[in-house]
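The data blocks that follow each hold one structure.
Two complexes follow with chain A in common, the first pairing it with chain B and the second with chain C.
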Partner chain A sequence: MIHQAEYHSLTEEEQRQHRREIRDVVLRPLRHTGLLGKLWIAGLIIVILIGCYAYYLQLRYGLKVTAMRDYASWGLYISNFVFFVAISLVGALISSVLRLTNFDWYRPITRIAEIIAVSAIIFAGLIIIIDMGRPDRVLNLFTHGRIQSPIVWDVIVVSTYLVTSVLFLYMPLLPGIALCRDQLTEKPKWQRWIYKVLALGWKGNHGQWKIMKRSIAIICILIIPLAISIHTVTAWLFATTLRPGWDSTNFGPYFVAGAFQAGTACVIIAMYAFRKAYGLQKYLTEVHFNQMGKLLVFLCLIYAYFNLNEYLVPAYKMRGAEGKLLNDLFTGHYAPLYWSVQVFGMALPALLLLWKKARRPLPLAIIALFVVVAAWFKRFLIVTPIMLHPYTTIQNVPPNWAVYFPSWVELAIVAASLAGVLLIITVFSKFFPIISIWETLENEGIELEELDNPTKAAS
Partner chain B sequence: MEKEKTDGSARRKFLKFGLLAGGATLAGLGIQQQLHADTIPPSGKKIKLMTADGKLVEVDTNHMHHHVAENAISNLQARQGIEGKKFVMVIDLARCANARNCVEGCQKMHHKKSPVEWIKVNKMQDARDSAPYWMAQPCFHCDNPPCTKVCPVDATFKRNDGVVLIDNERCIGCRFCMAACPYNARVFNWGANWGKGEDSTASPNACVTTCNDSIETSLQDKMGTVSKCDFCVDMARQSKLPDCVTSCPNGTLFFGDANEDVVTNGEDTFRLSELIRDRAGYRYLEELGTEPRVYYLPAVERQFPFEEDKEIHNPKE
Partner chain C sequence: MTYKLKYRISLLITALLLFLSITLLAQDSTQATIALSFSQTDTTKTVHAMLTSNGKPVAGPEIHLYVQSLYSLLPIGKVVATDTTGLATFDFPIDLPSQNGMLTIIAKLQKDEKYGSVETHAAMKWGVTTKTELTHWSDRSLSASREKAPMFLVVASILIIGIIWFTIIYVALQLLRIKKAGKMAKA
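== the complex of A and B ==
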């Protein structure tokens, strides 16, 4: 990355050289896939195929192949759904909140954040259908839908957020697609045809830039209430019930805060992976990791504040059934998991990342990995222990009804859904530039119109 | 022109002949069947029947054909409920001795078997030093039902007569209602024929429950949908008591109509308002505001001393 003044002091030839360089670097992963990359994709596909077989068994024999029973009637699928919805919020945070608040360093990261958002929200929708006892009746939601039900609210906001996120990914991508159309002439015919169609005749003239930037500005604002409502509604799936542990007015903001924290950690991991795999050290710099590390500290602290409200205030009172649940979380059956999640996923990252050395790419990526894994288990702790601590007692049931540990089918399906998210991100990065060239260059003060018009720039 | 005409008439003739032949064959078959029916050996057992014009006739049991009374309930009727009724239940905890006949009676009535229980009998102890007691828990058919509120497809609904039912042909199996019910009254059909018991024809209610399958009989519990206690409204339509009520040896459960202000366990009949006033009736977890339609009478002056259950129920899935 160079500064605006530096760029303008270059000769025209050097400027062209600079623009060609970023193009070559960004397009390189689209041109070649190494052995490691192929193995990675093959591995993901195998995990997905195992998951498909597991789902076939579930369709054939019913949900009895899961470990869920009448008391733990929601399990891993639902907690995984909450996890996916959570990480999908980061698209709005990185690309929109930072954009609107006039930060500039975020620009090379926007596309990574957006593709994480899109793929996570797709699998959030899929996993909720997988959880249904009668997926064949999913259309009943439209033919007999009741607007009073939070599930219908969720269907509305998830689908709206999906469409908006796809647009938010697609529109800034137009110059990138046009670049692929013009540069990747060695690609097979069908792929070039796809580029041609998707580029929507992008020429990079003044009018087109104007329309695109205006559209992005509109979506930028639209997506913030959408992102907040999608996760608030997800929180309401729990908070609108009378269960001790879910019956909380704090649940919406608590979920949103956790979502931003987990999503930011996901983006950090993806940044590290792309930087390493695609050699993007020049564009995903230490500055970006440093900034993302600071952002993560901030989000961990906000999440800690909501956790304090969510757990310590009821713990002060220790009321009835909720008291039993909290005892089980703090000192009982779930204590090892609960404390690991709170310490390694929230407290320790917030503390460690105060040091600049911890915000360097590798240590930050490792800490972010802890945050993401802890976030996934945290969703499990939000769903399962509450189901097993109802107001009534659990008596006269088979032993496996009073506990919950997911069956291999559930684990395989959830693993496949995680692999699916990773596969979408990987395949996307093999077809489209994962760094937004124009946003990166605009940051350096480079005229956008000449960017897309090499002939004009050359003349 | 002429030729065409003859052709046409020939075809008509052929068709006529064909129809005649076909009709004759059918008639012949019918007659044969009739003859065959008469050859069924009589069992010797005769049953006296009243014909439609008021004559008393004797028919051999083997020559009788069973016809079901055609009173199947439509979905619309099942969603509206029985007019003028407000069903209610009173459970007298002083009479409950954990006989669990209500559980078994309910399972038999709804062709269920262990471990699927639509009515549960739980050991309760309100405080550490207070006396334990047994508590039968059906669905409470709440007047402010948390379950029907959250249903995304209106598969579970509240009726005018106070009963909460499930349409298993519409349920999508999201299990939100199960998460929403604070009493865990709902059960899920985790697999095909989940907890399916015998289709007991020995039951006096066999025909009611097997022949007129509707939302009210709750026998459509398909795989991947939610089921629960239905207050036996199909029995109520025939002015009969639910099976849990009639199978209790101690008369613990009372069923009735709040509009008529009367509840009965089959032997004793009480004014509902007097019973819950005089015996300090209460509703379970009243503070949740779900307004249950099931009242409990506290376990005072018990008919049986509390005995721990020595048996383990539903040990296997």
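== the complex of A and C ==
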């Protein structure tokens, strides 16, 4: 990346060369997929196929193939749902909050954040349907749903957020699709047809830019309350239920803070992977990693604050069933997992990332990986131990129903959903530029018309 | 089949029959029953559980008294051992609620070494009839049916969903304007 002043100090030929270079770098992954890339896609497909077989078994034999029983009627699927909803919030944070607050460094990573948001929210919706056991009963939500029910609120916000996120991904992608339509002439006919249809006749004229930028500004504002709503409502699914550990007024902001933290860590990992795999070192620079590292520290500290509120206040009282639950988390069965999540997913990252060296691409990506894994297990800890500690015990059930360890069917389906998210992101990056070229170059002072007219620019 | 073998088989069958008869007789001799009887005054209600075996009172075993509730058995007082007349007497609460006033009272002898488990039950109209408060059942509330959702919630939901979806549709329509702008530029 070069700065505006540097770009304008270049000769016309050098400027042309620079634009051509950018296009080539960004379009390179779309032209060619290496052996490693093919193996990665094949591996993801295999995991998905195993998950499909497990889901077939669940459909055929019912939810008894899972480990969910009367106590843990919400298990791995719901934990995974909360995780997906959490990471989907990052689209709003990176693309919207940073855009509206006039930060410029975010520009090359917007698309990564947006595709993570879209793919995660798609699978959040799917995993809920999987958890229902009978997918045909989704219709009951529409025919018998009550507006008083938080589950209906969740269905409304998840579907609304999905549509908005797709728009938020698609709208700034139009110039990129047009570039693919004009440049990737060697691609099969069907692919070029898709580019042609999706590009919506983009010519990059003044009128089109104006409409697009205005629309993006509207979605930017719209998506912030929506993103906060989707995770707050997900938190309310728990908080409106009378159970120790969930009976908390802190739950909405606690979930939102955790979501921003987990989502940011996901974007960092994706940035590192794309940087390495697609050779985008020039556009996903150390500056971006440094900034994202600082953002992650900030979000870890905010999340730590909400964790203090969530655990320390009830722990001071240690009242009844809540006390039993907290004992189980602090010193009991779930203690190793609980403390690992708090230390490796929050405290240590916040501490380590205070050093600039830790905010370099590789160490930051490793730390972010810890944060994401811990975030996934955190959702498991939010759901499962609480299901096993109801206020009143459930009578006449076998003793082994009071413990929960997911069955292979659940593990396979959840693994497939995670692979599904990764596959959508990978396939997307093979069809469309993963770096928003116009947003990156606009920052460098390159005229949008020049960028949009590659034949003219290349001449 | 030799005579000796036949003799042994008949001996075995006889021994088996003898054992079965003794066992049955032995069981008969230790079979017990509980008979419930009830008495009441203006302020008290009393349950009497009489434990007998072969018509004779059994003294000593502990009797448990319960009332059948919706999902489980509600214990009434502490366990009471039968006296020399085979009688266990329980003070029965006078304020147990019941939808129609009927209570199923159960007396149990549990896993006794000699008599095993014995149970009997009887229905008595000893419950206090409860009346469901139905005065607000047709009101709009958070716990009501979908048709009776609180008006503020219905209005707020429609407003919020309406504003957001109006904006989404407006932005989606801008895509058509972008397409149109491209065509105009071409023309």
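Structure notes:
As a convention for this text, the second predicted complex is superposed on the first by the 449 of 459 C-alpha atoms of A that agree within 3 Å, B and C clash if a C-alpha of one lies under 4 Å from a C-alpha of the other, contacts with A are read in each partner's own complex, and residues count from 1 in each chain.
Everything that follows uses one rule, which is that contacts are C-beta pairs under 8 Å (C-beta built on N, C-alpha and C of every residue); 3 or more make two chains touch, one makes a residue touch a chain.
Note that the coordinates shown come from a computational prediction; the quantities given were computed from them, not determined experimentally.
In the three-chain model built by superposing on chain A, chain B clashes with chain C.
Contacts of A:G133 after superposition: chain B is touched, whereas chain C is not reached. By the touch criterion defined above, A:K189 lies against neither chain B nor chain C after alignment on the C-alpha atoms of chain A.
In the superposed model, A:G62 makes contact with chain B only, not with chain C. Within the superposed three-chain model, A:H32 lies out of touch with both chain B and chain C [touch as defined at top].
In the overlay built on the shared chain, the residue A:W401 is in contact with chain B alone; chain C does not reach it.
In the superposition on chain A, A:R243 makes contact with chain B only, while chain C stays out of contact range. Contact with chain B, but none with chain C, is seen for A:S73 once the two complexes are overlaid on the shared chain. In the superposition on chain A, A:G145 contacts both chain B and chain C. By the touch criterion stated above, A:P390 is placed in contact with chain B alone, chain C being left untouched. Stretch 97-105 is the one of chain C that runs into chain B, the other listed stretches 7-15, 43-51 or 97-105 having no clashing C-alpha atoms. 144-146, 148, 395 are the residues of chain A that lie in the contact sets of both chain B and chain C, per the superposition on chain A. Chain A makes touch with chain B in their complex at residues 61-64, 66, 68-71, 73-74, 131-134, 137-138, 140-141, 144-146, 148-152, 155, 237-238, 240-243, 387, 390-401.
Of all residues in chain A, those touching chain C in their complex are 144-148, 156, 160, 163-164, 167, 170-171, 174, 200-203, 205, 207-208, 211-212, 214-215, 218-219, 222, 226, 395.
Chain C contributes residues 71-72, 142-146, 149-150, 153-154, 157, 161, 164-165, 167-168, 170-172, 174-175, 177-179, 181-186 to its touches with chain A in the complex. Listing the residues of chain B that touch chain A in their complex gives 115, 117, 120-124, 137, 146, 149-155, 170-176, 178-180, 182-184, 186-192, 194, 222-226, 285, 288, 290, 313-317.
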